[in-house]
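Here it is, the structure, as structure tokens.
For reference, chains read A, B and C in written order, and residue numbers begin at 1 within each chain.
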Amino acid sequence: MSEAVEEALEDAPKPTRDLSELVAVVEALIFVADEPITTKLLADVLDEDKQAAEAAVEQLRQEYEARESGLQIRVIAGGWQIATRTEFHEEVRKFLRTRPSAKLSLAALETLAVIAYKQPVTVPEILEIRGVQSASAIKTLLDKRLIVAKGRKETVGRPMQYGTSKDFLIQFGLKDLTELPSIEDFEDLVS
Amino acid sequence: MSEAVEEALEDAPKPTRDLSELVAVVEALIFVADEPITTKLLADVLDEDKQAAEAAVEQLRQEYEARESGLQIRVIAGGWQIATRTEFHEEVRKFLRTRPSAKLSLAALETLAVIAYKQPVTVPEILEIRGVQSASAIKTLLDKRLIVAKGRKETVGRPMQYGTSKDFLIQFGLKDLTELPSIEDFEDLVS
Amino acid sequence: MSQPEPETYTFDFYKETAEIVAESSDELRIKIGEFAGPLDLLLFLIRQEQANIFDIPIARITDEYLRFIRLMKTLDIAVAADFLVMAATLIEIKSKMLLPRDPNAATEADELDDPRQELVDRLLEYEKYKSAAQMLYEKTTLEQAVFSRGKIESDDENAEVSATVFDLLTVFQKIVARRAEEIKMEIHREEISLADMIKDLRRRILEAGEVSLLAFFEEMHSRRELVTAFIAALEIVRTETVKLVQKKTFGDVILRKV
């Protein structure tokens, strides 16, 4: 968008939508978006305040709850998404003829756990915690786009660092990384 | 599931869903379907009578009308589908235009990879490496500002050389070109 | 836990992780999954022995561990080296535990000097991530009950891949490989037998006094040769007056003539 257009838009009066209209258009946008859409992007596209967009999504979420629909509005990977409710997973799976997708191996899950908690983290650092080479696990995680390269560590050999991706948040149903329980919480479980 | 179990299920009495439950699960199925879904298919998947499925979809359609949502349930090509309401097409189009796109076709991605790793590089050199013409991919990359011209090569025909841009670094989250993963970084992983 | 031969091990992290079954009395193979690493195996053995992790019966666990390693003949080689490193660590701790204690040393300092301490710390640290892995497993299982919408028309306008730097590299490698295909050359190497491998390794240890395991493994050209080399090393340690020495944790393992 050119600066001239942006200025023109800024001077233009805000569109006059009442709340129910705003809720409806927000629903349409969340639906067409092919990945979770942030409140900020909603507000930008609609030329509304962030607060107004926020209020509309919240209203929409409550409406979905109230009408006991087959769908839900939820926050995932920092954005809003419409998804089916867990109660109907059997029927949906039967319809799509899908099986639950292939499980990650134990090694891949462990490596992912280390990366999620220690990011950005290098291959030798992962080795130190797991006590075992993790190369093929890292390759699998990269292929599945669950992790991404996060630049180099400024140390001998400048090794590549890894961290979790947006797809990780989506596939594990997380709003953001802070939703993960603290690693120290697992200490109690250790006998 | 063993065959014996499946047979037992077929003989089992119809599931006892009340209308609101049926409406909800029908909504979930229409939502996940890639193509318009027929009443017959809905009935089959849910082990319900066709009339029951018909009634549920009709109920759902009316609910969508009544709550003045951003979406509608409509018949298209003989099946049911969820789609955005025509009133909001302007906003939807605007969103689709402005959505962030770090996305590339495979041809563009291949060309970008060659340019990133071999820069500065000329069109004939890219052809040599990829084995296919890359002219339209190069145009796309120039349009997306991911690559820039880097002067002419002092050789026969003085062909233009290309390299990656600052936008490339930003979009791929790199501080500088040394942060590009090298073959060595992934040797262990890819072997 | 008294189990008749042939040995059968099963364990349950989440279902279907590792089960080692005897195919015949002398040939064992990994059926499903594997231990995620030497620390994982060690935790399993400690639990199997119902031992206290803060007071590991190191002699018994070491014996169990070595017995287990011998069974894992068909183990993936990248893992095998790490399993050997742990074997060396256990043997080292075991031998330190056998040393008479310095009667002059204060009790407190003694406790601090427990040769098992570093290993216990690593096990505890590792087990946290193992639990975190379990948590992730549960989360992803739950998430698999939720579905996002099917394809709609506007998706097609954007039916392109979203790329990361990793994609750039893999794509680049594929292009290079595609070109290299045309000049591919097959080099056949003669496979070396286990007996020859043992003979060769024995000769080198006798001549040089010691051989670096890592260097020895690195000379191998194929996965098959690596397996043979690994078994040869185990055989030599078992049958000869040769011991495994490791100078520091994560360091190279040395085969040394006693």
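Operating definition for what follows: a contact is a pair of C-beta atoms (placed from the backbone, for glycine too) under 8 Å apart; a residue touches a chain by one contact, two chains touch by 3 or more.
The structure displayed is predicted, hence computed values, not measured ones.
Peer 1: For subunit A, which other chain has the most distant CA centre?
Peer 2: Result for max centroid distance from subunit A is chain C.
Peer 1: Going by the touch criterion at the top, tell me which pair is linked by more C-beta contacts: A-C or B-C.
Peer 2: Higher C-beta contact count between the two pairs: A-C.
Peer 1: If you average the CA atoms of subunit A and of subunit B, how far apart do the two points sit, in angstrom?
Peer 2: Centre-to-centre distance between subunit A and subunit B: 16 Å.
Peer 1: Centroid of subunit A to centroid of subunit C, CA atoms only: how many Å?
Peer 2: Each chain's C-alpha centroid was found; their separation is 34 Å.
Peer 1: Counting only Cα atoms for the centres, state how far subunit B is from subunit C in Å.
Peer 2: Measuring from centre to centre gives 39 Å for this pair.
Peer 1: Tell me, which residues of subunit B touch at least two other chains?
Peer 2: Only 28, 31-33, 82, 92, 96, 99, 173-174, 179, 181, 185-186, 190 qualify.
Peer 1: Hunt down the residues of subunit C that sit against at least two other chains at once, touch-wise.
Peer 2: Residues 147-149, 152, 154, 158, 164-166.
Peer 1: Which subunit C residues qualify as touching subunit B in the complex?
Peer 2: Residues of subunit C touching subunit B: 147-152, 154, 157-158, 160-173, 175-176, 178-179.
Peer 1: So in the complex, the part of subunit A that touches subunit C is made up of which residues?
Peer 2: 31-32, 34, 81-86, 89, 92, 96, 100-101, 103-107, 109-110, 112-114, 116-117, 127-133, 135-136, 142, 145, 148-149, 165, 171-174, 181, 183-184, 186-187, 189-191
Peer 1: State the interface residues of subunit C toward subunit A in the complex, per the touch definition above.
Peer 2: Interface residues on subunit C, with respect to subunit A: 13, 17-18, 33-34, 36-40, 53, 78-79, 81-82, 86, 122, 124-137, 139-149, 152, 154-155, 158, 164-166, 250.
Peer 1: Can you list the subunit B residues touching subunit A in their complex?
Peer 2: 20, 23-29, 31-33, 41, 45-46, 63, 67-71, 82, 84-85, 88, 91-92, 94-96, 98-99, 173-175, 178-179, 181, 185-186, 188-190
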